[in-house]
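Just dropping this structure here.
The letters A, B, C and D name the chains in turn, as written, and every chain counts its residues from 1.
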Amino acid sequence: MMDLRKAKACILRVGGTNCDAEVKAALEDLGLRSDILHMDWLEKGKLSEYQLLVFPGGFSYGDYVRAGAVWGKKVLTKMRRDLERFVEDGRLVMGICNGFQVLVEAGMLPGDGGQFSPTPRAVLANNSSARYECRWVFLRGEGSHAPFARRIGKGEVLRVPIGHGEGRFLAESEEAVHELIRSNRIVFRYARPSGEPAEGAYPFNPNGSVHDIAAICNREGNVIGMMPHPERAFFGWQAFGYGDPHRYGDGRKIFEGIVDHIRSL
Amino acid sequence: MREGLIRRVSEDPPVAAIDLREAEDTDLLEISNGMGLALSLYEMRVIKEEFSRPLTDVELQTFGQTWSEHCIHKTFRGLVETDSGTVDSLLKSYIAKATRELARPWCYSVFEDNAGLVDFDNGHVIAAKVETHNHPSAIEPFGGAATGVGGVIRDILGVWGEPIAVSDVLCFGPLDTGYSGLAPGIKHPRYIYKGVVAGVGSYGNNMGIPNVNGAVLFDSNYIGNVVVYCGCFGILPKDRYVRQTKEGDLAVLVGGRTGRDGIHGVTFASTDLPEDSEGLRSAVQIPNPLVEERLRRAVIRIRDECLASGITDLGGGGISCATGEMASRSGLGLTVELDAVELKETGMAPWEIWVSESQERMLFSVPAKNLERVARIFEGEELEWCALGKFNPTKRLRATYKGVTVCDLGLDFLYSPPKLKRKAKRVEPSPLPLYLKEPEDLSSELLALLADPNVRSREGVVRAYDHEVRGATVVKPIQGQSGSHNDAAVIKPLKDSWMGAVISCGINPFYPDPYWMAACSLEEALRNNTAVGGRRVAILDNFVWGNPEKEDRMGSLLRACEACYDFAKAFGTPFISGKDSLYNESPMGPVRPTLLITGVGIIPDVRKAVTSDLKAAGDPVYQIGITKEEVCGSAYLRSKGIEGGDWPRVEASVSRKIMETLTATIDAGFVAACHDLSEGGLGVAASEMVIGARPGLGMSLDLGRGLFLTGRDDLAIFSESAGRFLVEVRAGHAGEFEEAFRGLPVSCVGEVLKEGALRLSGLKGKELTIERADLTRAWRGE
Amino acid sequence: MRFLVKAEVSLKRGHFDPEGDVAAKSLKDLGFGVGTVRVSKGYTMEIDARDASEAKALAEEMCRRLLANPIKDDFRVEVLFIEGRTD
Amino acid sequence: MRFLVKAEVSLKRGHFDPEGDVAAKSLKDLGFGVGTVRVSKGYTMEIDARDASEAKALAEEMCRRLLANPIKDDFRVEVLFIEGRTD
């Protein structure tokens, strides 16, 4: 059993990242100390001090070229080794929104362990509305084995906001989607209020993602990428109008899963 | 122009000297126009008198910039001749006067710095600023609007504020305007609309600052004069508001490179500019929020580590104004070495470097001992920086380039520009008779009004902006899946405090009397703020007017300012900042006088905020405030193309009491939902409360008989009288609610229904029922 | 007849291109020897017109009216082929 | 030597192009007779290479490594000219 006070999370950022502080606030509310570090100033080997690595949302490098692409490549040139080891060790990596785009562009998702694909195996393409969109969506837990979903049952519905222009998840092929389903690597799908999958219906599926995919993980479940922002639905007052402002928001469950997992190490 | 007045004094760098001593009036005007100085003959004469030597082009440009409408607001600070005497400064005589007389102890810094500052939680202040970016948005909608947002964010950084929210208010021509009737050079409203919304969204989203409030208006008057207001709000620890530049401190420029963008006017010193519409090219700026995001991080770190003695943004006038102002307000002087400035392009003349308005730059004053640490912070954020020079006690603004002194001006003279004199002709429109029969079918009137471009859902705009980033948005601009609008936004900026900042606005340019137009806008800003639970509101004014050299434009400006004073006083709400944008004229005529009032209030516990959607079947619903036949300029008449009738007026004493009482009942927990009645009146407000909710609403105007000073159902439902609310009161608290409002115009008019519909019975018992689905479809324009 | 026309819109020279700048830096990071990079946007459009020159003129008009802002953008139009025929 | 190379990245055929659809709709609203519109992005790059074919190969590599995402993008590379020379 790990003493949570000894654990630490690293929230990485580069120019254009902007959701780092909210993630830190969420993690620290659960008692997990968190450092926000600029990637350029991350010393070699330093990563091994952390149990969780977060790629937060934002517009890294202005989202120029393609959302997440520039940071995704930079991650590989700058810290590939450390990162591979980190993932191999079974430590947790989480990409939120732009961070999800980064993990996909870096070839870490959908992936197997520390083996990063040399070319991306998926993409988060322009929303089918061709618009940036900020709205609260319904997420449906898929019964994933990933630590992030530990507290979320299959079919359980979460209310969390999204805010992105490039979030339409596409995989290499239909077969690749089936493989994700078979290997239980889909963590959340966009849903209707009832918990039924959105089946592409707008606005429940806000971006046109194939199979309503909102979040996936690697084979081992220790790397997750998700377009919705759980850190914006952590406290009840953030979810004002969607629940009791005096309690907690649904996004908290995801972070609780992380903390449970670290404690259990 | 006469030979010999202008001389090239240096080839490299290219510098020209202009000898005003021999210049006649016609020469002075020609120089002012030719160099794009926009100085009047009188101002040129004042400069001529002062100097017994030729001036460089750099120096004359410095005057052009420093004495510009943009930098010193000469119309607002000048003299205004009226029928009843001369007004010395609209700003001092009306706007700031109200603030001074109200003397609120919680006003921390007003009308001084880049933004107004008011107390928040103990130890913190809120900074607020609203700007306009009309002209740039008219020629390049995306870039113009984006740099408008970028600029106002820098105003907040420029008072050491951490930006917590942005807002935008936009006025466009009707989107269905025909393509044929447009005057040359005027872009179609649809093109402008798309570009502006994308631009505002792109900058705020990229910076990670939620856009939480605003308004969108359509009117044919705005076809030629698009209006783009951008606001930014920030927070900072009170003791980190540092402005004490000292002798020996370094002036440090950081951020984007300096280029030919944002330079107005033409050059005499370099004659080899390419032909292709260079003037316009430089008016267009390419936004780069990526740089500003890094600037923001650097500013906050330098603030938290107390490394700088002063800060300001670079806006109008570029380096010349930023350095000049910083030196002048500290009673110091400065020699700027222009060689140090990182440039985007080669071949720039010194005056161009000096006045360029390139985006994403800030100026700091840094004690020499801290320079190394400051530099490390900049470099850590991949920001280019340079030290421009040292502050000295000379009270002179000097600039050198390649060893040549290109500017040497006394700051006292530069910062005491001559007062401008303008004439105002009083305008006092009188109401016209109303020729409109009461329509038979009020359901279809209401549905049509819900679909009116000025009323319908703003979802298309609101969702294009991230209003949740920073994770601190409590009351959101739009609520729920098929959600409806709230009246104001609530932000919770501090981790360890439940205190919220409440942001609202009011804008009513369609009421034809400038005095009541201003009064209504001010009252609406307060009303919106109150509706969600805000109080202790500070306000900002933004005037968008036509050419102030025309007497009628000044006349209406004067009237609007009078109302600002009268009602700020009457409501006890101080102005803390503002800005005017004049000369909004196009080939299609002057802009309609448009005043935006922005309100910044507080709420002690964000969890007690109130949204507009109805909550629980069975709750009683109250209407507050008197409805008169005030429909001139209303959405109802405008949608029919009818002018006539009286316009809304504000009864401040009643309205103020209503708001104070409402605040008390919100704090007591009696209020379940609240919406103010504004565009489209009671009909639209009631519909919106249903659209956003699960339950419905049944109400009878007859129950509120005493509140309606009209016998007509259409006027009762669509009048836009000020000072009104519709409130859902929690079932058990009706008695206490009524008790609190005793003596005020309040009536229970109905209750929340289980079924999702709006049921309304009129003054004479006429009934209408509309299903939520139909309301929603009309309102969403489906 | 139906033509396939390509319109290409790019920032006027003299304007700084932030996207090109980021692409260049990233390519350098990846070890490529690149200098300046400038980004443009292409619109490949099916256009109904009587002949190629009308198709071209129409595309230019589209650029002026919607796809480009002549104040900051340059544009270039090229007729690729006529439906049914390739060249 | 320094070459000017243009890489064009476009959506794979058959891939849904929301941006192109919006452009087509806006053009139709303006009264233009257009069919499908597809959007692409061009990168005009200065590249150091020994000869044109190396420049081309390098640009293709850049597309594979950064500029294009193989799941959704196709790319096409063209050497425009060599510095100092125009054609």
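What we mean here is this: a contact is a pair of C-beta atoms (placed from the backbone, for glycine too) under 8 Å apart; a residue touches a chain by one contact, two chains touch by 3 or more.
Fair warning: this is a prediction, and the values are worked out from it, not measured in the lab.
Undergrad: Report which interface contains more C-beta contacts, comparing A-C against A-B.
TA: Most C-beta pairs in contact, of the two: A-B.
Undergrad: Measuring centre to centre, with centres taken as mean CA positions, what chain is farthest from chain B?
TA: Most distant chain from chain B: D.
Undergrad: Between chain A and chain B, what is the gap in Å from one C-alpha centre to the other?
TA: 37
Undergrad: Taking each chain's centre as the mean position of its Cα atoms, how many Å separate chain C from chain D?
TA: That pair's centroid distance is 9 Å.
Undergrad: How many Å are there between the centre of chain B and the centre of chain D, using C-alpha atoms for each centre?
TA: 41
Undergrad: Where does chain C touch two or more other chains at once, residue-wise?
TA: Residues 18, 22-23, 26, 30, 39, 65-66.
Undergrad: Going by the touch rule set out above, which residues of chain A reach two or more other chains?
TA: In chain A, the residues touching two or more other chains are 61-62, 64-65, 70, 73.
Undergrad: Touching at least two other chains at once: which residues of chain B meet that condition?
TA: Expected reply: 288, 290.
Undergrad: Using the touch definition up top, name the residues of chain A that touch chain B in the complex.
TA: Checking each residue of chain A against chain B gives 15-16, 18-19, 21-22, 25-26, 38, 40-41, 57-59, 61-64, 131-136, 161, 163, 193, 203, 229, 231-232, 234-238, 240-242, 245-246.
Undergrad: If you look only at chain D, which of its residues touch chain A in the complex?
TA: 15-16, 18-19, 21-22, 64-67, 69-72
Undergrad: Provide the residue numbers of chain B that touch chain C in the complex, in ascending order.
TA: 139-140, 143, 188, 191, 257, 259-261, 276-277, 280-281, 283-284, 286, 288, 290-291, 344-345
Undergrad: List the residues on chain A that touch chain D in their complex, please.
TA: So the residues of chain A touching chain D come out as 65-66, 69-70, 73, 105, 119-123, 125-130, 170-172, 208.
Undergrad: Mind listing the chain A positions that touch chain C in their complex?
TA: Contacts found on chain A: 61-62, 64-65, 70, 73-74, 77.
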